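Consider the two complexes below, in which chain A is the common component and chain B and chain C are the respective partners.
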Partner chain A sequence: MSDLVDVQINGEWHQFPKGTRMIEACREVGAEVPNYCYHPKLTSPGNCRMCLVQMGMPPRPAPGAEPAQPDEDGHVPISWMPRPVIACANTVAPNMGIRTQGELTEKVREGVMELMLANHPLDCPICDQAGECHLQEYSVEHGKGEGRFREQKVKKPKNVDVGPRIRLDDERCIMCSRCIRFMDEVADDPVLGFTDRGSHTTLAVYPGRELDSNYSLNTADLCPVGALTSNDFRFQMRVWFMKETNTIDTNCGTGANITVYARQGEIFRIKPRQNNAVNSDWMPDSHRLSFHWINDEETRLTSALAKDENGNHQVVSNENAYAIAASKLSKFKGHEIAIIASARMTNEELFMVKRLAKHLKAKIVETVPRTGEADGYLISEDRNPNTLGVKTVLGLDEPGSQLESIKDDIKQGQIHALIALQEDLITDAGFTDDDLAGLDVLISSYPSANPTAERSDVVLPGGCWAEKSGTMLNIQGRLQRLNKVMDGPGTTEEPWEVVRNLQQALGGGNGIHSHMEIFKQLAEKVPAFSGVKFQDIGDLGIPLIETGETLPLLEREKERVAQGLIVG
Partner chain B sequence: MSLEVPADLEKEIDERITHYPVSKRSAVLPVLHLLQHHFRYVNEEVIEWAAAKLELEPIKVLEVVSFYPGFRQEAPGKYHIRVCRTLSCAMAGSYELMESLCEKAGIDRSGVDHHNPIAVSADGTYSIEFAECLASCGTGPVCMVEDDFYESVDDVDALLAKYA
Partner chain C sequence: MAIVVKRPKLKWWEHLYIPAIISGMRVTLGHFFQIVSRKKKVTMQYPEEKWDAHLPEHYRGAPALVTDEQGRERCVACQLCEFICPPRAIAIRPEEIPSDDKWAKVEKRPKKFDIDMVRCIYCGMCEEVCPEQAIFLRKDYAITGTSRDEMVHDKDRLYEIGGVRTGLVNKWNDLK
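== the complex of A and B ==
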């Protein structure tokens, strides 16, 4: 294969496609190359020098001399260069040799680290990045252990308000320029730059401008040190105390892959998780910061509620709540009952809803559509995370189209009982007090206090997206896993449990004990899922349905890969 | 934007940009030189005008302006003096030259630092700053007043008298 070239890395021969960056080749075979400025999704200016490695090529014969003879494997002895080269911006070549270990690389890494630390404030004890800082990690692994710099450190701006969500400490900055390149190349809002280049090089926004893009927090993720930090997360929690859970964002149909950082039932931050088929390495700030309500003990529903004879809500046990709900529902015939579920529910939950509807012979099952403007990057027009799941599992062609007829049916006394699952009908579905007044029974389940719950006869506590597991289908038709970050507060149950328990109280249904069991049934009964095993979905999801939908940011990234600008 | 760029200057700038057909960004240095020559210094208004002209974000122009000491971000006096302080001139007495120039011209350099290199006399006639090598190392100390070059400067009074 002429597209592959033979490269020797630390003494072993490997094959790589032509054009592979040296750093990627090394990574592929497990030879670590420390780096700061290199990022596969951004162009490589090669300015941090941390990825210096020793390189060798076949020797060039002197004029008239015989060229070196290849050995039995076809490899020519490598002539090593006395000076190191950067691995991030150079590509592999036939018969190239790379050494990521040895005296030369050790010496240059020590040198680069010493220079980077010369002006670094070494304020790790008060720095948010401590624990996930490349400067810390590399100085342990590749540093000298002590500095020889005795002079005055350069003073630079500190605690700079560069934007509404980002704070900058210029003394910590190692001038890798990842943030500048991200804003130039990905976010298309090139407000960052280096001023006073030289010994005073300063990362800055233009006076009067702000780093206020809805993707600005990605620069804090990209920052290998503690120069750019998130105002929201700053000083909140040491990174090593938090538990990381891989799950997906539920703010829109994109379903960006995320990692949630939580400790003791509290979420502290959310970061995008790399998935090159969905969100690349990025996510919008608006989605990232929309978790605070989950931690709000004041507004969360933490127990089941039922109205007493005076119409006041009283706390009841979950068991009683299901029993009360069931006895109220059992007074009505199926055609007098409607269910409004949510496109924020997982496929498993929707499957349970379908099962409940079948048991009740409910007249209508509907969900609430939620739309907004697509931003041309990662935010999709569909602000529900699982509309495709609704279409596929519940079989609704046009989710939301029956909401008006539910209202009419209530008014005309045809529907007497309504079950609202994971939706606040008044705030999100355009229901009014008048619309709900005609009901005899309203049962609702929602993570936090809301006007629909206030009017409900029985309120069942259902966990939010961070408190449940399951699967969702994003707009591209990709099946992705939602993983439980933590238990819900109080007696909150996962929404699929709420539906199961309600159905059990109604005398139907039997032991389903996990969301994985539901998925198994889903795979048996819903054709689109047939043959899929839960454990096959993995952390990155699998394409399930062909929708033809694309994500603009991803398409542009693919273009840059094709142009050879980035590795991808 | 309130900056008024004369039509003939703008015409010259437009012409200069055509020398860089691949990327307008490459014209940033010559454009800034022309603007500084006319306005005496490159302030925010000038930076923003140049950025708009070259279809760049202002920060990308500020990066260039703040890198080159040759671009002044603060207003100079009527006559701007640059005294070389690189090795040969320093040894030949450029610091002494700076001191006596300041004394005679009535300039207080106590507010000068890395970010504010220029000091202006109280009456606004003279301004002064240190410059790096002015390329006449055998005849130090050397200085420039506006675009005029002076070697082996010893008579400060006579020098200043030419610019009064």
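== the complex of A and C ==
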């Protein structure tokens, strides 16, 4: 292996591929190097100086002197350089020595921290970043307890509206330039930059422009301090109170990996989670901010409803709702029943739907397609998170193609009963009141109040994406896990439970008690899933089906990695 | 580390306990005769009479929020008291101070600040942890209510109890 080089880190010899950054080499062997400006997905300008480490190379022999002889392992004694080097922009070299500890490294870190804190305001009780602030963390590790800086701190603009979703506090900025590089290199909208010089350096937006890219909120994630904060999350909740759940985004077929931050049944924010095979480290703002309806107590459906003799909805217990639904459905033959499921449902839920359809001998099972424009970054054309799951599990070749024929069949009196699961037919599937008027029975399940529910004979409370667990297939054919963030409001159940309970009320069904049990059956019955174990999927998912779809942002990232611009 | 307590060696008359009983009874009967002969008063007619004047300097009563001499609410809703509170009596929701407010530069204030006095154990950790010297334990001890809701002190009630604090607050000595 000629492309591996021997590097000594803190006295231990390791091997790394040529071209590895020193900081990555140190991280790999567990010697963390503090850093602000360095980010593996961005270029390394080396301007924060926090990652300074001591470096040594084989001694250069004096003219006429014998070169140093290698020992039995082939290592030449290292001659340490008197001054530190930055670990983020330098790569490893043969027989290099790195010290991330020791007097020199510790002293320079203390020095850099002191300079960074010289002008940094001490408003941590107010600052949103407190609790996840690198400056706080490193000042505990490497800073002094007290400032020696007696002069006035430099005044800079505070509370600057740089864009519709981002607020800038220039006094807190430590000039790492991560946000500038992100907007330039990843979001292709270079609106940010530095003005002025020295300690007056200020982050600013290009005059006449604003930070309004659909990826702007990633800069708030990147910001190691509280200089860039999200308008949406600003002053909402302290980070240490929130429970983090790793799950996936359900706004489009990309299935970006996310972490949901929630406290006491309320979602406060969503952040992208690194998955180099899907969304890298980023996610679009539009998807990130689309969770607010989940917290809206006014519009959420919290209990089962059934229509009384006068056609008014009455709250009923879940058991009664399933019993009523079953008794209404049992009046019809299979070919008079249609089921419209959703491509927002997980593979497990779709499998349960298939089972229900088989039990009812339902004529048609269909889902509602959703499309939008792809943005050339991470948003895919398919705005359903699990269209591939619908194709694979339900076996539909062209989801949505039978919707029109369902409408016709209802009009012609061939379909009498319709079960709408996790879809609002009127708003999303182009159904009209007239279309639904021809039905004898309409049973629906949806997380929030909607026109279809209003017309339904029985409304079953089914949770939304944050209130259920399961797996989904994204456009690349990657099998990813959706994890439950919190329990749904009221008597809400997970959609797979809704389908199971409905089938049990209809007199069919066995004891399925978890989504993992469904997955086991799925792996047995659906060929594409055969041999896959639920626990193998993990946090990052596994490639399951070859679709040939690629994500433009990821392709560009791969190019930059190949060019050696970024680590990736 | 365990501390070994040495038992005192008692003399033989101390083992009888009679001298100790006699000296104890002398104190008790002394009080008794003083009260019977109305020379001394030891019972306080609470609640007509209050013992507020006798409260020690370090007394810990109901926690409350304070404003400073300029009428600024000192709390910036950092939620550290909510975090430290052992019985989780405190619930805070922060909000941004609107830009037309006189104190807009402070940026943050509590929108909702509830202390559940049924839960509060008067430990004073909220006061100790507060980086803004905004919450103090006052000498109010008779916190009563006819419902659980009434026992939850909201932001207005907390400022009402807390009142104004003037000067730079020296929270460990001069304030109670």
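Heads up, the rule we're going with is that the second predicted complex is superposed on the first by the 568 of 568 C-alpha atoms of A that agree within 3 Å, B and C clash if a C-alpha of one lies under 4 Å from a C-alpha of the other, contacts with A are read in each partner's own complex, and residues count from 1 in each chain.
The rule is short, and it goes like this: a residue touches a chain if its C-beta (ideal position, glycine included) is under 8 Å from a C-beta of that chain, and two chains touch if they have at least 3 such contacts.
The structure displayed is predicted, hence computed values, not measured ones.
Of the two partner chains placed around the shared chain by superposition, chain C is the only one that A:Lys158 touches, whereas chain B remains out of contact.
With both structures placed on the common chain, the touch criterion links A:Ile126 to chain C but leaves chain B unconnected. In the superposition on chain A, contact is made by A:Arg209 with chain B only, not with chain C.
After overlaying the two complexes on the shared chain, residue contacts for A:Gly507 are found with neither chain B nor chain C.
Contacts of A:Leu192 after superposition: chain B is touched, whereas chain C is not reached. By the document's definition of touching, of the two partners only chain B reaches A:His200; chain C does not. Contact residues on chain B toward chain A in their complex (touch as defined above): 44, 57-60, 62-63, 66-67, 114-115. By the touch criterion stated above, chain A contacts chain B in their complex at residues 190-198, 200, 204-207, 209.
Contact residues of chain A toward chain C in the complex are 124-126, 130, 158-159, 234-238, 240-241. Listing the residues of chain C that touch chain A in their complex gives 76-80, 82-83, 94-96, 99, 104-108, 131-132.
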